[in-house]
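Just dropping this structure here.
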Amino acid sequence: MADKTTPTANGMTLDEAHHIIAAARRKALEIGVPMNIAVVDTGNNLTAFARMDGAWLGSIDIAMSKAKTARFFDMTTADLGAASQSGESLFGINTSNDGNIIIFGGGIPLVRGGVVVGAVGVSGGAVPQDIEVAEAGAESFNNPQ
Amino acid sequence: MADKTTPTANGMTLDEAHHIIAAARRKALEIGVPMNIAVVDTGNNLTAFARMDGAWLGSIDIAMSKAKTARFFDMTTADLGAASQSGESLFGINTSNDGNIIIFGGGIPLVRGGVVVGAVGVSGGAVPQDIEVAEAGAESFNNPQ
Amino acid sequence: MADKTTPTANGMTLDEAHHIIAAARRKALEIGVPMNIAVVDTGNNLTAFARMDGAWLGSIDIAMSKAKTARFFDMTTADLGAASQSGESLFGINTSNDGNIIIFGGGIPLVRGGVVVGAVGVSGGAVPQDIEVAEAGAESFNNPQ
Amino acid sequence: MADKTTPTANGMTLDEAHHIIAAARRKALEIGVPMNIAVVDTGNNLTAFARMDGAWLGSIDIAMSKAKTARFFDMTTADLGAASQSGESLFGINTSNDGNIIIFGGGIPLVRGGVVVGAVGVSGGAVPQDIEVAEAGAESFNNPQ
């Protein structure tokens, strides 16, 4: 299904975003943790968002910010976080961009043909769980079947 | 598919929200205008969001605020807007709630058993188009098949 | 009951604020409209707030802003509103003070000994209903029994 | 007393919130520290708030944010804080959600039948005092008499 009626390129279709969310949701159900899942496009604008039943309300914003952060700097939020601890080079970066920066894992860039065209952000569990679910979403984009 | 692993009631499941978005999207495709579509739950927290390919970027925020406004006051944003013109009783209401208030059509409460349990907000076209698409979404919730 | 352990004067005790809220709530129950009710003190800081069961979520912020507005300018929000319509002298004032200004009725200053020592704000119904309930609250402060 | 004139479920009545605030206030008077006390409902919307006479003005916002934080993540703010120190998994989380996150003690979820239906937040003293007063409020909800 193609929604586009005007030729605005954004590097990510809604169907692709929904495909990513569906893959992440399957992983979240598999590990038994309800998650918030967000997908942004090349321009770092929200393409799709889903809050699974019972997922933390405070993670709605965090999932979106994780996706935005991953596209802001074209790296995972886990990698950005490592450089943002007290004493490290980017300490304090999380108050930039109106505070829409998350410096722990769960945000992953989406790459097509070697180019970052968006990002996925997941929040709702322990950080390793968020990362596992975000990776399932990113994997489905990088290797569609 | 039930995501809920902890019994937190929010009056709206993700599947219901996706069903509403799908119905609204079909109507948007039918009239040929790509839309942003948002669904909030009883507590006015975002449940799901979708931006159709090519939809206005400035309408991401407006769609979310239309949904929130409709739940904030349990009425359509069109009805709220009629009372918010200069000289009318609610003139100026749109600067309340951190400006997350939209006073033109496209936000509609979602009702179940006589109780407002959420709202849908649509933005991306002329206001009558936004209303038409939001009504298609709300209709699918009120009369699921 | 006196809570104060340090002599910080604010012109309004919590017991007085709760007395105002109780009086307003009785009036709201009498007219059958659930309301949000806020009381601020001399320094325009929130002293007490109550949301009656089923009251509009969007009126939480509006009740607080009505109280603040009434103390900001030591006049009712209805009076401020009359001067803030398009073409009138204060048109646009509602975007000042971070948007925490409401320019329709329901906010009323609280006066003791000819001095404004706080304000009450009510939101949840049609504007005349909000005013009626706010007046019941203000009356109970001005004429305690 | 039931305020509800429209059947909107929010998981917490105003009377319940006032009962929690009264219990917290008694504990605050007992330890001699005036407190700000906030209660939110299932949807994380403010239900009631009280500032005791002489309580810190800067703690009005903190009490509300503590309550919100406890409901945002369905855990105490003390527990969230432990995971949010530099080098820990959630470091930086406090700039999310528009900064309405507090990562020290005094916010506690309110549970009914195993379901989180709101939260209480207390601020005005040393953190152990805030926690003691919040626990008195939460205890009164979990074990009403």
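As written, the chains take the letters A, B, C and D, and residue 1 is the first residue of each chain.
In the analysis below, a residue touches a chain if its C-beta (ideal position, glycine included) is under 8 Å from a C-beta of that chain, and two chains touch if they have at least 3 such contacts.
These numbers were taken from a predicted model, which means no experiment stands behind them.
A rotation of 90 degrees, rounded to the nearest 5, superposes the Cα atoms of subunit B on subunit C. Spacing of subunit A relative to subunit D, judged by their CA centroids, is 30 angstrom. The centroid of the Cα atoms in subunit A and the matching centroid in subunit B are 24 Å apart.
Shown for subunit C are the residues that touch two or more other chains, namely 57. Taken pairwise by the contact criterion, the protein chains fit none of the simple patterns, being neither a path, a ring, a star nor fully connected. On the subunit C side of its complex with subunit B, the touching residues are 56-59, 61-62, 65, 81, 84-87, 94-95, 99, 101-104, 126-127.
If you check the complex, the residues on subunit D that touch subunit B are 6-11, 41-45, 74, 114-116. By the touch rule above, subunit B contacts subunit A in their complex via residues 1-8, 10, 13-14, 17-18, 25, 28-29, 32-34, 43, 45-55, 57, 60.
Within the complex formed with subunit C, the subunit B residues making contact are 43-44, 68-69, 71-74, 86-87, 89-93, 95-99, 101.
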